[in-house]
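Heads up, the next two complexes both have chain A, just with different partners, chain B and then chain C.
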Partner chain A sequence: MGRAHRLSRALVASVPLVVLGVIFLYPFALLAVEAFARPGGGYGFGTFAAILAGHAFRDALFATLRIALTATATCLVLGSALALLIRFVAFPGARALGRLVDVYLAFPSFLVALSLTFLYGNSGLVRSLWTSALGLPAVDASRSFLYGFWGVVLAEVTYYTPFVMRPVLAALEVIDRAQLEVASGLGERPWGVLRRVVFPELVPALIAGGSLCLLLTMNEFGIILVMGVKDVITLPMMIYGKAIDEFDYPAASAVAICNVALSLGLNFTYRQSLERAPR
Partner chain B sequence: MAESPRATSGHDRAPPRIRVHALSVRYGDHLALDRVDLSVAAGEVVVLLGESGSGKTTLLRAIAGFTEPTAGRIHLGSTDVTDAPPHARGLGLVVQNYALFPHLRVAENVAFGLRARKRPRPQIERTVARFLEMTGMASHARRYPHELSGGQQQRVAIARALAIEPPALLLDEPLSALDAPLRADMLDELRRLHAELPQTAIVYVTHDQTEAIAIGHRIVLLNAGRIVADGVPRDLHDTPPNRYTAEFFGQANLLPVRVLEGTADARADRNRIAARIADRTIWARGSADAPRSGAALLCVRPHDLRIEETQAQTPDGNHLDGIVRSAQWLGATQRVVVEAGPSTIRVDRPASEALPTPGARVRVSFSADCAVVLADR
Partner chain C sequence: MSELIHSRGARRLLAGAGMIVTAIVFGLPLLTLILASIAGEWTRALPSTLTVAHLRAALGGAQRAALWHSLATGLVATIVALVLGAWGALASRRYPAPVRRGIDALFLMPVAIPSVSIGLALLVAFSHPPLLLNGTVVLVVITHVVLITAYAYTSAQAGIARLPPSVEEMAGSLGAAPSRVLVRVTLPLLLPHLRAAAALGLALSMGELGATIMIYPPGWITAPVEIFSLTDRGSLFAGAAVSVWLLATTFAALRLLDRRRSPRRVALERRRSGA
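Let's turn to the complex of A and B:
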């Protein structure tokens, strides 16, 4: 019985490993092979060297980081402010709004992009109001702020702010109201209580929410694609362009490997900082 | 109404540290506080005592500024603070679960109020060191709250409240989260701290009468949002003004009696009232507003009763005859329950005496000094 038991246990344990191998590791290995393969046969860093040396890659890397950092910083500020409002300002529907955040997290990100184009886009509500209702001269659609850096940031902030609100709301929930009362009893004004008592207890939540935001905004693809932004090329857009438009699979794979390395590095830093955060 | 000796000596002309006038607090349909008056002098320890929902915590929170009164005024010294926010009142607050700031070390917790007041750094350091020393927490200054025991956390919370040197310290069930032996130690500690800061007024909220008696110069007993008694602990215990007070303090026997008209002050030397119970006339002291005739209650504490032979002579002729229903040994004492006519009487005796047999006929006697006639309300 013992041996049969061990065997069945081994079988059960191997199922997830096989699945993981087939659906995740194998495609990833193919990607790596593609990136490191030399055109004439054998392997090397040739494709990488060519990609890394080019302006396109550096521009895309820079654009990715700039968008991700701007969007994340805005998400942190906006998300904290909204979470504080929901928790501490007793306005009607505050609790419902808190629950709505959870629902919002389930939306696909490109829906936000789509709705933004309805609002600010070529034939969007704002533009039609601008020209028809206010009688102002039409603005060239391609110069709408939506089709550049700030459009992408706006869309990403709209979509990713709840990712900060969720952990911040959870952290606010466990702060003892008595602490806030004692702090104000000791003579601290509301802003001081926020700064000296509430904020320090939110740090782990801000690290968690901010890192998640940074990771997701760096890899964001759906929003940028749906918005049809012309002059903003991020790493995911570059991978897409290389693979789909130029059929340059080795280059696409090399950029993808860089993107994965960046994400893993960020994930590692996030875990480290979370462990070191005060409790 | 009796004042504590400390409160009256030398501070007669100063306004009270806290003065609450006709304060009401309403939560929707529920009247949590109903026209409450309270005055706390410098150096006085006033205990707000009552069951949960009596309004004691609401009163404390209104004084601290966390609960907005529906009507009435609150003065601190000569300043009307009814509409002032909590941070402008400058009262030290200690709560049941300590509410230490988890991200700050012990010394930083104690310094919190001083930093809020923008005191110069050397002064902050001196004050923090002084109060950590006073509460015996100096050696833990660099620790974080989660590294401390419950008792230590409460010492830090007290040091933090005292560090701003408030005119009054508000304590909301400060010992409820501690176990019994530690609670007794902390009560001693609080009394010692108050001796070191004799000018600080203290308002202490609790539901525990033992704590109230141990620490209060004065006890204010609340029930259903109203003050039902306000006085020195000894007086409230010995001469409860009403039924609620008598029941709250020490499980008094409350026996229905009829006061005999015209007997108050019948014995010229002391205030004595004669009352009929069963077919006997007994003598007792009268509480301040005891009825002069008609239905009333006789209040006798279990430990003031004696059990005698059925034919025994009793002083004042104060006795009731009955049958022992039960007798239980409780360690230091024994509890005997006697049924005398319609009344059931609890008697606490020293354990050294022989345990009576259930069913035995006995005579329960008491001195007129230990019995009080009071109004049935």
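Let's turn to the complex of A and C:
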């Protein structure tokens, strides 16, 4: 192969990298410039210091972690419970559940928030049933739980539980049935079999599904935006508010840099756990 | 199926619990959304009248435009992302392993980053010269390309890993030029994987909200942004109607793209790509 030929091949091979550099790396470089630029010229940590000094950032970080951890823990419990039921009880509709859960993931997440508004919102279905059952006045002034912490958690659990169910179901598929029969034949109670035989086999799947769930719930934005939650500000919501409502691009960029660092760190951990988990 | 629970009563109880939880957590929200899109008056627990007015209204004016914008953005962004992803995956295999890992990381990174931050970065970067794209449709397409290229890249990589060994070398040694090997041998073999990526990319693009809301120009409002602004103004039923049409359009586009590829398969691909 000639040198000119090799050079042209290298050029062709680098085209997608250059494009990605322009549309992805360049924007993030400018985002960093925006966050580190001083108003009078030059660079410094001024914007970061101002952000970190205020309560807003700490509250948003705390809210993000609290929502993501609560939602992920609930997804893990609900997802493994449903997966175990599908595997060991095979209730009518279990197959349909497998399919329904899959269709769900082709949905945008914010539609769950909209659906839940009709179900549990201030004038939603459940509330109307509740008030008419108790004979309360039809117009209830108090706000539903939906527009707060638990509403966001409920929506995220609804949307992200399938992300846990799938790996757990896959792990349950490969457990040896004979092993379970031997264990129960030896007089082990169902709960004991679950704890001592099934659970250890599920740990890698739970770690992988849980970390993916945690990453996605930390980055979730559409659900909180569409739900119209006012008193729960997560990091993505804070970035949106700073940029779109306050036009404070330096502050928004500084928060975004922190958020990206957090997510990439978590993603790195997730990839590591995937590598350790047997497929 | 009954290795674990032998008592029939206990099995029935658990089966019932599974069905009820499934219905409440997954079935009810979807049904409610569809019901809301056809609800006329909804002041009690259930709508007292049903109407197709909202669904019909969503097929005209701004809402119809929004659906069209989403479909058009999705199609163009998907095609660009496919070219970029497949090209990147084909090129990266020529590099030594450490370089390839770096390229993998670059292509996969956008999946892990909150979409709002991606939107903000693109907004900040393309509001300055030399690349002044703020307020243009091009920026919307670029944003969606950034968000979905990772899936095209992983799908193409999966396809490349399953290429019959040395089939390309064989074609080359028979005298076919590299470009001919690419067009006649490699790409046809990758086609099923690229189709999968196209379906997934289209679904994700058409439902994208977080990054789009940071950068959309007033003349190119996408369906998710329209749904948000409708519900934010309190037009919940109109929002539900646009949502139902958005889902219908997405599913129809997926069907057309690949008859064998149902939304279910798309979701499977999505999970396999790890996002």
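Everything that follows uses one rule, which is that the second predicted complex is superposed on the first by the 252 of 279 C-alpha atoms of A that agree within 3 Å, B and C clash if a C-alpha of one lies under 4 Å from a C-alpha of the other, contacts with A are read in each partner's own complex, and residues count from 1 in each chain.
By our rule, a contact is a pair of C-beta atoms (placed from the backbone, for glycine too) under 8 Å apart; a residue touches a chain by one contact, two chains touch by 3 or more.
Just so we're clear, the structure is a prediction, and the values are computed from it rather than from any experiment.
Enquirer: Fit or clash for chain B plus chain C once both are placed on chain A?
Expert: On the superposed model, which is not a single observed complex, chain B and chain C fit side by side.
Enquirer: Determine, under the contact definition given at the top, whether A:S128 touches first (chain B), second (chain C), both, or neither.
Expert: In the superposed model, A:S128 contacts chain C only, not chain B.
Enquirer: Touching A:G187, do we find chain B (first), chain C (second), both, or neither?
Expert: It touches chain B, and chain C stays clear.
Enquirer: For the overlaid structures, how many degrees, to the nearest 10, lie between chain B and chain C at the C-alpha centre of chain A?
Expert: Seen from the centre of chain A, the opening angle is 90 degrees.
Enquirer: What is the contact status of A:F45 with respect to chain B (first) and chain C (second): first, second, both, or neither?
Expert: neither
Enquirer: Between chain C and chain B, which one touches more residues of chain A when both complexes sit on the common chain A?
Expert: C
Enquirer: Where does A:F62 make contact in the superposed view: on chain B (first), on chain C (second), on both, or on neither?
Expert: neither
Enquirer: Tell me the contact category for A:G93 with respect to chain B and chain C: first, second, both or neither.
Expert: Second partner only.
Enquirer: First (chain B), second (chain C), both or neither: which does A:L235 touch?
Expert: Only chain C; A:L235 stays clear of chain B.
Enquirer: State the minimum pairwise Cα distance, in Å, between chain B and chain C in the overlaid complexes.
Expert: In this superposition, no C-alpha atom of chain B lies closer than 6 Å to one of chain C.
Enquirer: Chain A residues touched by both chain B and chain C?
Expert: Shared contact residues on chain A: 181, 184, 190.
Enquirer: Note which residues of chain A are touching chain B in the complex, please.
Expert: Within the complex, chain A contacts chain B at residues 176, 178-179, 181-190, 192, 196-197, 200-201, 278-279.
Enquirer: Which residues of chain A touch chain C in the complex?
Expert: Touch list, chain A to chain C: 9, 12-17, 19-20, 22-31, 34, 78, 81-82, 85-94, 97, 99-112, 114-119, 123, 125, 128-129, 132, 138, 157-158, 161-163, 166, 177, 180-181, 184, 190, 193-194, 212, 215-216, 218-219, 221-222, 225-226, 228, 235-236, 239-240, 243-244, 249, 252-253, 256, 259-260, 263-264, 266-267, 270, 274.
Enquirer: For a test of understanding, state which residues of chain C touch chain A in their complex under the given definition.
Expert: The contact residues of chain C facing chain A are 1-6, 11, 14-19, 21-22, 25-30, 32-33, 35-36, 42-46, 84-85, 87-88, 91-92, 94-95, 103, 106-107, 109-118, 120-126, 128, 131, 142, 145-146, 149, 203, 206-210, 213-214, 224, 227-228, 231-232, 236, 239-240, 243, 246-247, 250-251, 254, 263-264, 266-268, 270-271, 274-275.
Enquirer: Which of the residues in chain B end up touching chain A in this complex?
Expert: 64-66, 85-87, 89-93, 95, 97, 99-104, 112-113, 115-117, 146, 157, 160-161, 164, 170
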